[in-house]
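Labels for the chains are A, B, C and D, by order of writing; each one numbers its residues from 1.
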Amino acid sequence: MTMSFSLQLAGGAVVLALLSALVSFFTAGARRFMAMPLFALAGLVALVAGAGALIAGGVATAELPLGLPWLPWQVRLDALSGFFLCVVGVVSFAVGLYAPGYLRGFEHGNDSLRALGGFTGLFLAGMLLVILADDAFMFMVAWELMSLSSYFLVVWHHDHAANRRAAFLYLLMAHVGGLSILLGYGVLASFGGGFTFEAMRGAELSFTWASVAFVLAFVGFGMKAGLVPLHVWLPEAHPVAPSHISALMSGVMLKVAVYGFIRFVFDLVGDVHWQWGVAVLIIGSVSALMGVLYALMQHDLKRLLAYHSVENIGIIFIGLGLALLFLAEGHTVIGTVAFVAALYHTINHALFKGLLFLGAGAILHSANERDLEKMGGLLRRMPWTGLFFLIGCISISALPPFNGFVSEWLTFQAALQAWQLDSGVLRSIVPIVAAVLALTGALAAACFVKVYGVAFLGQARSRAVRRARPVPLSMRVGQGILALLCLLLGVLPTAFIDLFNTVPQQLLGHGLRQATAHGWLWLTPISAQTASYGAPLVAISLFAVLVLGLWLFGRGIRRVRLCDAWDCGFAPPGSSMQYTASAFAQPIRRVFGLLFHMDDGVEPQEDGRLRHRLQVGDRSWDLFYTPVARTVERASRQVVRLQSGNIRIYLGWTLGTLLVLLWLMV
Amino acid sequence: MNPVGWLLALVQALLYIALAPLLAGWVRKVKARLQNRRGASLWQPYQDLYKLFAKEARMAHTASILFRAAPYIVFVATWLAAAAVPLLTSDLATAAIADVIVIAGLLALARFFLALAGMDVGTAFGGMGASREMFVSALAEPAMLMAVFTLAMTAHSTNLSAVVDYQLAGANLLRPSYVFALAGLLLVAIAETGRIPVDNPTTHLELTMIHEAMILEYSGRHLALMEWAAQLKLLLYGVLIANVFFPWGIARDVGAGALGLALVVLLGKLMLLGVVLAVSETVLAKMRLFRAPAFLNLALLLALLGLLSYVILEVGA
Amino acid sequence: MSLEQLPMLQQLMLVLAAMVLFTSFVLLEQARLLAAIHAFAWQGVLVALVTAIVASSSEHLHLFFSAALTLGLKALLIPWMLHRLVRRLELDRHREPLRRPALVIMAALALVIFSYWAVVPVVQQELLFTRNIVAVSLAVVLIGLLMMVIRTQAVAQVLGFMSMENGLFLAAVSATGGMPLVVELGVAFDVLVAMVLFGVFFFQIRESIDSLDVDRMNRLTEHVEEKS
Amino acid sequence: MNALLITVVSPLAGALILPSLRRLSWAGWLNVLVSTITLAASLNLAVTVADHGVVANSLFRVDAFNVYLLVLTAFVGVTTSIFSRPYMRHVCDSGRVSQRGMRLYHAMFQAFMFTMFLALSTDNLGVLWVSVEGATLATVLLVSLYRTPEAIEAAWKYFILCGVGIALALFGTVLLYFAAQHVISDPEAGLSWSALYSVAPQLQPAIMSLAFVFLLVGYGTKVGLVPMHQWLPDAHSEGPTPMSAVLSGLLLNVALYAVVRLKMLVDGSLSATDSPHTAGYLLMGFGLVSFLVAGLFLHRQRDIKRMFSYSSIEHMGLMTFAFGLGGPLATFGALLHMLVHSLTKSAIFVTVGHAAHIAGTQSIDHIRGLIRTQPAVGWGLLLGVAAIAGFPPFGVFTSEFLLLTATMQSQPWFTVALLTGLAVAFAGLFRHLHPMVYGPVPEGQQPVSANMLPVIVHLGLVLWLGLSIPGFLSRWLDRATELITGAHLL
C-alpha cells in the first residue's frame, strides 16, 4: 500500500467522520443506525491508513483548497502521523461499536442525541486533522475544533451546575493552552519565515529562543495532555462526559496532545537540549506520582480513571524526557529505546484506558452507578464486562504478560543505561526517576486492586447494583476488541515494535533493529546480554503451567462445597461490613497525607446517626489557580470604577485624555 | 539454547518447589530451638501441604470464580519468577526469558491476585489484609527494584545469570553500592515474605495479620497452593540474596560434580540465611502497621543510596 | 510682528478675541441661567464680529455670509430657543453657584496658558496676524469643556457645549479664514439640529427624573459598590 | 457613479418617505426594500471599483478600502432590517413604543444608514465630520425610544459625550485645513482627502500631530476607545436591539475608518521627521488599553447587551491596535477582523434580542436554559459567542491569528499582553454565557417566534471566511491594504 494511497484513506476517514456528524445533525431516523457505524468505519479506515503508512514508511503530502489565500492547508502523512492515526483509529473503532448499545440508555433523556452524535463526529474529524496537519494554521484550526467539539460533548449533560463548571474550566484551559501553542509556533515561524512545518524545520534558533518555543509548547500541549499542575480540568471534565466520550477523550485526545509535543519538539525544533530532558523528566515523574496518588483517593470510578490518565501521561513523558536526555547527550540508541517506550506506552494507554472507561460506561449503563462505595459483586452480575475490566486493570497496573508491562519494562531499560551519561548530576537524576516510576507502578497496582475488589468482587452495596443486568452484545464486543489488543501487545511486543520502527527511523534517523534481532521470541532493546524479555514464552509457560495445575488439582472443582464465610468465626458478614474503597486507601492516605488537601471528620446526620465525612482535594488548586482568579477579580473590580455613571466624570476623562495627549505631543 | 540447558532449567524449577517447604521448616526449627522448644520436625511443612491437598476444599457462597482461580495463578506466577533465578548454575536458559524486572512483575502479578482473592468473599478481614498487603508492597517494590538495579547497573545487564557471571568474573571488589543494596534487599525480603517485624506468618490475631488475613477464607488445596507459593517466595528471596551477592560455588559449567557441589554450597548458604532470619525474628518484635513505612522507607533509602553511590562513586572513578 | 505695526482694524480684532475669551469666563462663573444665556449670546455676537472683520480684511467674501450665519444662529436663534426652554421649564429663577469658584478660575486660567503653550509654537511660522487667536479659540473650547465638567445643570452643560462650538468657529475663522462653504453649512445645520434635540431631551429628562440635575442620572453603571 | 448616487440617495429617500406611511407593516417591508436596493447598488459599485480602481468626483471618492465597508454596511443594513421588521412589531404590540415612535424608528434607521454611506463615500473630511455628527443625531432619539429613565439617561450621555468628542474632532479638522492651506492654494480642495493625501509629505508635521490628537480623541470617542468609551455600553444596552446591532456593527467601523484615513495623512506628513510612527504608537496604546480594560469589564456584567457592547469595545481596541501596528499583514488582519466582527456581532445582537424576549428581561441572572427552551436561539448564542471569542473554524480566529502573527513579527512582547487579554475576555464571556444557555428551564418560559435567518446567514459567512477566504475577497482586501500601507501582502 503506497503512501499516497494511505493519505487518501486518511482523508476518507475524515470524510466519514464528518459524514457521521452530518447524519446525526440532520436526520432523526438514520441517526440510530447510521451515525455510529459510520463513526466506527471512520476509525477502521484511519487504522488501516495508519498501518499502511507505518509499513510503507515514506512521506506523502497534499494541499487542500482551504485556509489563508497565501497558505492553503498543507496535509502530510509520515510514520509519526501514521502511528497516531492507528492510536486514534483503533479506539474510535471500538467506541463506534460500543456506542449504539450505550446510547440506547439516553434515548429517553431530555438532552438531544443530535448534538451528541454530531459533535462526536466533529471531534474525531478534528483529531484526525490535527494529526494530518502540516502547517501551523491548519493545525490550530483542527486543534481548536477538537477542543470545541469535545467541550460541547463534556457539557452535554448540562443539568448539574458542577458539569457546567467543569466544562467551563475545560474550555478555558483548552483556550489558554491553544494560545500558548500558537505562540510557540509563532516563535518558530518568525525564525523559519513561514507557517508551514517545512519552513519551521529550517528555522535556526538560538538556545534561548528555542527554549522559549519549547516552554510554550510544553505548557500548551501539557495543558491538553494533563500534566501536573496543568491537569485540574481533566478529572473534572472526563467524568461528566458520556462514557464513550470519556474513553475517546482520555484514550485518544490526550494522545493527540502527545503527538503535538513530539511533532513540535522532535521534528520541528530538531536539535534538542538536555535541560529540556530534565524539565520533562521532572514534570513527568511528578505527574505520574501525583496522578496515581490522587487516583487512589477517589471513589468516583470515572474520576479515578481520569486521574490515572494523568499518571500514565506522566509515564509517557518520562519516556520522552529520557529520550530527549539521551539524544541530547549523543546516545542515539538508548534515546531511541526511550522514545519507542514512550510510543508503546502511548498506544497501550489508549487501549486500556479506553477499555476501562468503556467498562465504567457499562456499569453506568446497567447499574446507573459511578460511586465505588455503592458497587460490589458485579463480576457475578456481568461476567464479560468483569473479565474485560480485569484485563484492563492488569494491563494498567503494568503486570506481565499484558501490554502495560512491556512499555514500563522498556522505560526501565532505558533508565538503566544512565551509567553511560557523562554528567554525574544526570546520572543520579535518572535513577531517582526510575524509583518514582517503580513507586508509581506499585501504587497503580494497589489502586486497581481497590477498584476491582470493591466494584466487581464482594457483595453488592446498593440495590441498583444488585439488580445490574449484563450489557448488550455490541458493548461487549467494543470492550472485547480492546481487551484482546491489550493481550496481543503484551504477548507479541517484537512484532509491534517492528511495526513502529519506521517512526524513530524517520524522526531520529535511527531505528531499533537490534530490539528484534533475535527473532520474534526475544525482545532485546539494547543487546541480548544487556536485557531480554521473552514475552511469548512467559505467556505460554504461564498458560501451560496453569492448565497443568488445573488438570492436577482442579479435578476437584466439582468437589468444592459452598458454605458461609469463615471470617474468624464471626457472624456471616453482610454487605455493609465489607472494606470500603476509602478504607482501602486509608494507609496510603495517611502516609502521603502531606500532598492532599484533606477534609476529614465525623458529622451527625439529621436522623442522629454519625456519618464519616472525607473529602480529598487537589493541592494545585490553592497553589496555582485560586490566586490567578482572585487577581482577575480584583483587577476587574478596580476597572469598573471607570463606569461610575456620572457624566461629568466621563467628560472629565475626555478632557484629561486630551490634555495629556497634547502635553505628550508638543 | 541447547536442550540440555532447557532440561536443566526445568529440573531447577522443580527443585525450587521441592526445596521451598524445607527452608520454611528449617527456619521454624531454628526459631523453636532459639526459644528453647523442640519444635516440629524439618519435614512438617511437607506433611501440612499433603494434608491440605487431601482435605476437601470449602468456599464461601459469596465468592466468585476468581476466588478459585487465584490460588493457581498465584502459585504459577511465583513459581515462574523463581524459575528465572539461578539456583545451581549461572548458565540458565530461563533467565533470558525473564530478567529481574520481569521477576518483579511476576511477583506483583501474584500479589495482585492474592489481594483480589482476599477481597472476593467480601469479609472485613479480607479487605483489610488486601489493603495492608498492597500498602506494604507499594513501598517495598520500588526498594527491591532499586536494589537489583544497582546490581544490574554494575553488571550492565538486568539478566540475572549475566549478573552472576559478572560477579564471578570480576575480581572481588568491595563495592559500597553492594553494601547498601544488600542491606536494602534484606529489609525488602523480610517485608515481602511477610516475616516479623512487618508481618507475622504464625499469628491469627485479627488486627495484626496481613498475609494470613487474605487467605483466611481458603481451605483444602487452595490453601495448600497459597501456603506453598508463600514458601516459594521465601526461597526465591533467599536464593536471590545468596546467589547474587555471594555467588561463589555456583556451577559455571554443566557437570554432575559442579552441580552437586553447587547444591551443597547453596544449601549451606540458605541454612545460614535461615539462621539469620530466625535470630532476627526472635529478637525483634512485630511493629505497628504504621511503623512499617519507616522500615520500608529505610529500605528504599538504602537501595537508592546504593544506586547513587554506584553512579557517583564507582562510574566516575 | 508687534502690535504697533497692526492697522486699527486688526487691533480691534485682537480686542474682540480677548472679549470672546472673557465672555467664556463669564459663562463659566455665571450662577443664573438666564444671565449665562445672555453671556453666550454676547459671545456669539463677538465671534460674528471677528468673522466680519476677517472677511473685510481678507478677500474671502463668503466669510461675510458665514458671519451673518453665526450672528443669526449663535447670537439670536439659539439664545432665543434656550430662553424659551428655560422659561417653559420654569428655570428662570434657577441659580447654581459654583462650589469652589477660585479653584475653577485658576483651572480655567491654567487652561488658557496651556493652550497658548500648546498651540503657538505650532502656528509660529505662520505669518497671518491672527495666529494668536488660535490659542484663544482653543482656550475657549477647553473652557467650554471645563464648564461641562463642573456644571451639574443640563442647560448649563448645553451652554458649555455651544460655547465650545463658538471656540471652534473662532478657530476656523482666525486660523484658516473660514472652512469651505459646504462644511460651514453642514456644521451650522448640525448645530441647529443638535439644539432642537437638546430641547427635546430637556423635557424627556425632566419627566423621567423631574429635575435637570445630571448628577442624578447615574442608574447606568457597573460600579455597584457605591450605588445602593 | 450612478450606483454610488443610488447607494447614497436611496436611504435618504427612505428616510423622507417612511415616516409618511400610515401602515406600519408596509413601513417594515419598505424598510427592507430600501436596504436591499442600497445593497444591490453598493454591489454594483463594488464591481465598478473592482474594474476601474477608483470612482471619484469632486465630492465623492470610492476606492477599495471604503467600497468594502460600503458593501458591508449595506449588507448588515439589509439583514438588520429583515430582523427588525418582526422584532419591532413585537415591541410595538407589547406597547413599549407608540405608532409615532415606530415611524421615527424607520425614518431614523434609514437616516442613519444615509449618514453612514455619506461618511464612507465622501472625499471631503469636513463632510465626513458632518455626517459622523449626523449619525449621532440620527441615532440619539432611537436610543431613548423606549422613554424609560435609563433610556433617556443613556441617550443624554451618548449625545453629550459624542457631541463633545466630535467637536474636538472638528477642531482637529480645522487645524488640518490650516496645515493644508500652505500647500494647497484652492481653499475648496483644502479638505479633500485625495488632494491632501497627494501632498501629505509637505504638510507641517507639528500641526499635523497636534491635529491628530484632536481627531483621535474626537473620532476615538465614537470608536469607543477607553477612556472615552463610557457612552457605548449605555447606548447599546438601552436602545432597541436592531439599533445596537447597527451601532456595534457599523457606526464603530465608520469611526475607525475615519481614524485610519487620518492616520494615513499624518504618517505621510511625519514620514520625514525623526518620529515617523507617532500616530501608530498612539493607536497601539489606545487599542491595547481598550482591549485589556474591556476584557476586564466583561467579568462584572449584569446586563446581556451591555456585556456584548463591552466585547465590541474589546474588538475595536484590537483593530485599532492592529492599524496602529501598521504593516501589510496587520492591516490585512484588521480589515478582515472589521468584516468578521461586524457580521458576528450583529448576529449576536439579533440572537440576544430573541433571548431577551424569551426571558422577558435583559438581566443575565434571569436568562436561563435557552437551549432547552428554544434550541435555535440557544445554539445561535452559543456559536456566536464561540465565534466572537475567536474559536476556529470561525473567521474571527483567522483574523486574530493574522494579528497575533503580525504582532509577533514586529513587537514580540506585545503578544503576551494580547494573549492575556484574549484569555481574560474569553473567561469573562463564557462565565456569563454558560448559565444562560445551559441548565434547566425556569417554569413558564416559552419559546418566541424568532427569525433566525440573519443569524444563520451571518454565522454561515463567518464560518466560510474561517475555512477559506475566497479569492476575490482576499484580492479586494489586499488592494485596501495596499492603499493603506502602500505595500502588497499577497
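The rule we apply is simple: contacts are C-beta pairs under 8 Å (C-beta built on N, C-alpha and C of every residue); 3 or more make two chains touch, one makes a residue touch a chain.
Because the structure is a prediction, the values reported are computed rather than measured.
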Which pair, A-B or A-C, has more C-beta contacts?
A-B
Per the C-alpha centroid definition, the whole-Å distance linking chain A and chain B comes out as 36
Rounded to the nearest Å, the gap between Cα centres of chain B and chain C is 101
Approximate Å spacing (C-alpha centroids) for the pair chain A, chain C:
70
Any idea how many Å lie between the Cα centroids of chain C and chain D?
31
Which residues of chain A are in contact with two or more other chains?
637, 640, 643, 647, 651, 654, 658, 662, 666
If I count partner chains per residue in chain D, which residues reach a count of at least 2?
156-157, 160, 164, 168, 210, 233, 297, 300
Can you list the chain B residues in contact with two or more other chains?
none
Kindly provide every pair of chains that touch.
A-B, A-C, A-D, C-D
Listed in rising order, the residues of chain B that touch chain A in the complex are 53, 56-66, 68, 72-73, 75-77, 79-80, 96-99, 101-102, 105-106, 108-109, 111-112, 115-116, 118-128, 130-132, 134-135, 137-142, 145-146, 149, 152-153, 156-159, 162, 204, 206, 216-217, 221, 225, 289-290, 293, 300, 304, 307-308, 310-312, 315-316
Touching residues (chain side chain A, partner chain B) in the complex
376-377, 379-380, 390, 394, 397-400, 405, 409, 412-413, 416, 418-419, 424, 427-428, 431-432, 434-435, 438-439, 441-443, 445-446, 448-450, 452-454, 456-459, 522, 528-534, 537-538, 541-542, 545-546, 549-550, 553-554, 556-557, 559-568, 573, 575, 577-579, 583-588, 590-591
Mind pulling up the chain C residues that touch chain D in the complex?
60, 118-119, 121-123, 125, 134, 138, 141, 145, 148, 154, 157, 161, 164-165, 167-168, 171-172, 175-177, 179-180, 182-183, 186-187, 189-190, 193-194, 197-198, 200-201, 204-205, 208-209, 214, 217-220, 222
Provide the residue numbers of chain A that touch chain C in the complex, in ascending order.
637, 640-641, 643-648, 651-652, 654-655, 658-659, 662-663, 666
Write out the stretch or stretches of chain D touching chain A in their complex.
156-157, 160-161, 164-165, 168, 209-210, 212-214, 216-217, 221, 226-228, 230-231, 233, 278, 282, 293, 296-297, 299-300, 371-372, 375, 386, 389, 391-393, 397-398, 401-402, 404-405, 408-409, 412, 415, 419, 422-424, 426-428, 430-431, 434-435, 438-440, 466-469, 471, 474, 489-490
